Amino acid sequence: MPVITIDLGTIEDKEKKGQLVQALTEAASTVTQIPADKFIVFIKEMERENIGVGGKLLSDILK
Amino acid sequence: MPVITIDLGTIEDKEKKGQLVQALTEAASTVTQIPADKFIVFIKEMERENIGVGGKLLSDILK
Amino acid sequence: MPVITIDLGTIEDKEKKGQLVQALTEAASTVTQIPADKFIVFIKEMERENIGVGGKLLSDILK
Amino acid sequence: MPVITIDLGTIEDKEKKGQLVQALTEAASTVTQIPADKFIVFIKEMERENIGVGGKLLSDILK
Amino acid sequence: MPVITIDLGTIEDKEKKGQLVQALTEAASTVTQIPADKFIVFIKEMERENIGVGGKLLSDILK
Amino acid sequence: MPVITIDLGTIEDKEKKGQLVQALTEAASTVTQIPADKFIVFIKEMERENIGVGGKLLSDILK
């Protein structure tokens, strides 16, 4: 029962979430040969003010 | 100082959160014999559109 | 499909791992009324030299 | 800078790890249109005696 | 590409988030001698009703 | 009770682990004004063959 967690910025387009879950599951299932129905995926969206890159907030970098 | 994290869908009834923290802490404390006051619990609620099971979003499965 | 993760020091007695998985699953299943067979538990053991409490390594505190 | 973490049992064949990192990165990059070189992947392998499914250790289920 | 994740209660003052990312990155970069621009920081804020300490919700302890 | 988790490659020099725990705790305590003795730090070391950057294993990039 593998669990895939993706931490990233917010995803506005909700259809992309379904595509992301499907793509990650298929990718991992194909390589590991563990059946796709065993996989759980968690999409963890974060605001840019909660992500730091190189010591700076993403919300400041992308201003 | 063990940390228990539970990732799951949203919990509407707020009393259940207190019960969940108490039950998980007691369960782990009893087995490990680490005192209950050393435990931290994080309840990580996620929307169904951020959880994938078997390559599909939970929000689509439970539609 | 909830996922419970417990981060703690190493567990020497392997029987305790089975007891821990069972106890955490039952506790969470009872409170949330999600069937026990939907739960995944990850036991993440760490050496004491990889755990810090109050700014000090647990391996130094418990010396 | 998205981070993908996969928690699963041990992977014996080391070539599969490279394939897994490549496949997960490509899958997520294609859907999100974030460049592949921004992605980090962590493969977190666990022994079967540290994974619980439905309240039982995977090491006991697969005995 | 190290990733630092901090799980804590909500941070009201948004300037503190920038300071936190900077301070954690500098601290870890100085000790590990890995360049600061390689670090990612995730600030994971949680409501007090989602944090348990010693078997009780933080929202009840701090009432 | 904040928890800081750092995911990175293996740290050979064990003294660095103590320094890392101290530095991260002080940095976060100073910014958040939460007392240092409330902080837990987990150092999660990973082999280079379990870390992917830009779709490639770190063990292959640094060969």
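Residue numbering begins at 1 within each chain, and the chains themselves are lettered A, B, C, D, E and F in the order written.
By definition in this document, a residue touches a chain if its C-beta (ideal position, glycine included) is under 8 Å from a C-beta of that chain, and two chains touch if they have at least 3 such contacts.
These figures come from a predicted structure and were not determined experimentally.
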item	value
Far-end chain from subunit A, centres as C-alpha averages	C
Same vs different contact residues, subunit A with subunit B, by half of numbers used	different
Candidate from C-F, B-F or A-C with the same interface as A-E, over half of contact pairs in common	C-F
Rounded Å distance between subunit C and subunit E, as computed from the means of their C-alpha atoms	21
Rounded Å distance, subunit A centre to subunit D centre (Cα mean)	12
Per-residue multi-chain contacts in subunit B, two or more chains	1, 3-4, 7, 20, 24, 26, 40, 42, 51, 53
Graph class of chain-chain contacts, one of line, ring, star, complete, other	other
Pairwise chain contacts under the document criterion	A-B, A-C, A-D, A-E, B-C, B-E, B-F, C-D, C-F, D-E, D-F, E-F
Subunit E contact footprint on subunit D (complex, rising order)	1, 3, 40, 42
Touching residues (chain side subunit C, partner subunit B) in the complex	1-9, 11, 16, 19-20, 23-24, 26-28, 30-32, 34, 51, 53, 58
For the subunit D and subunit C complex, residues of the former touching the latter	7, 46, 49-57, 60
Subunit F - residues contacting subunit C, complex	4, 14, 17-18, 20-22, 24-26, 29, 36-45
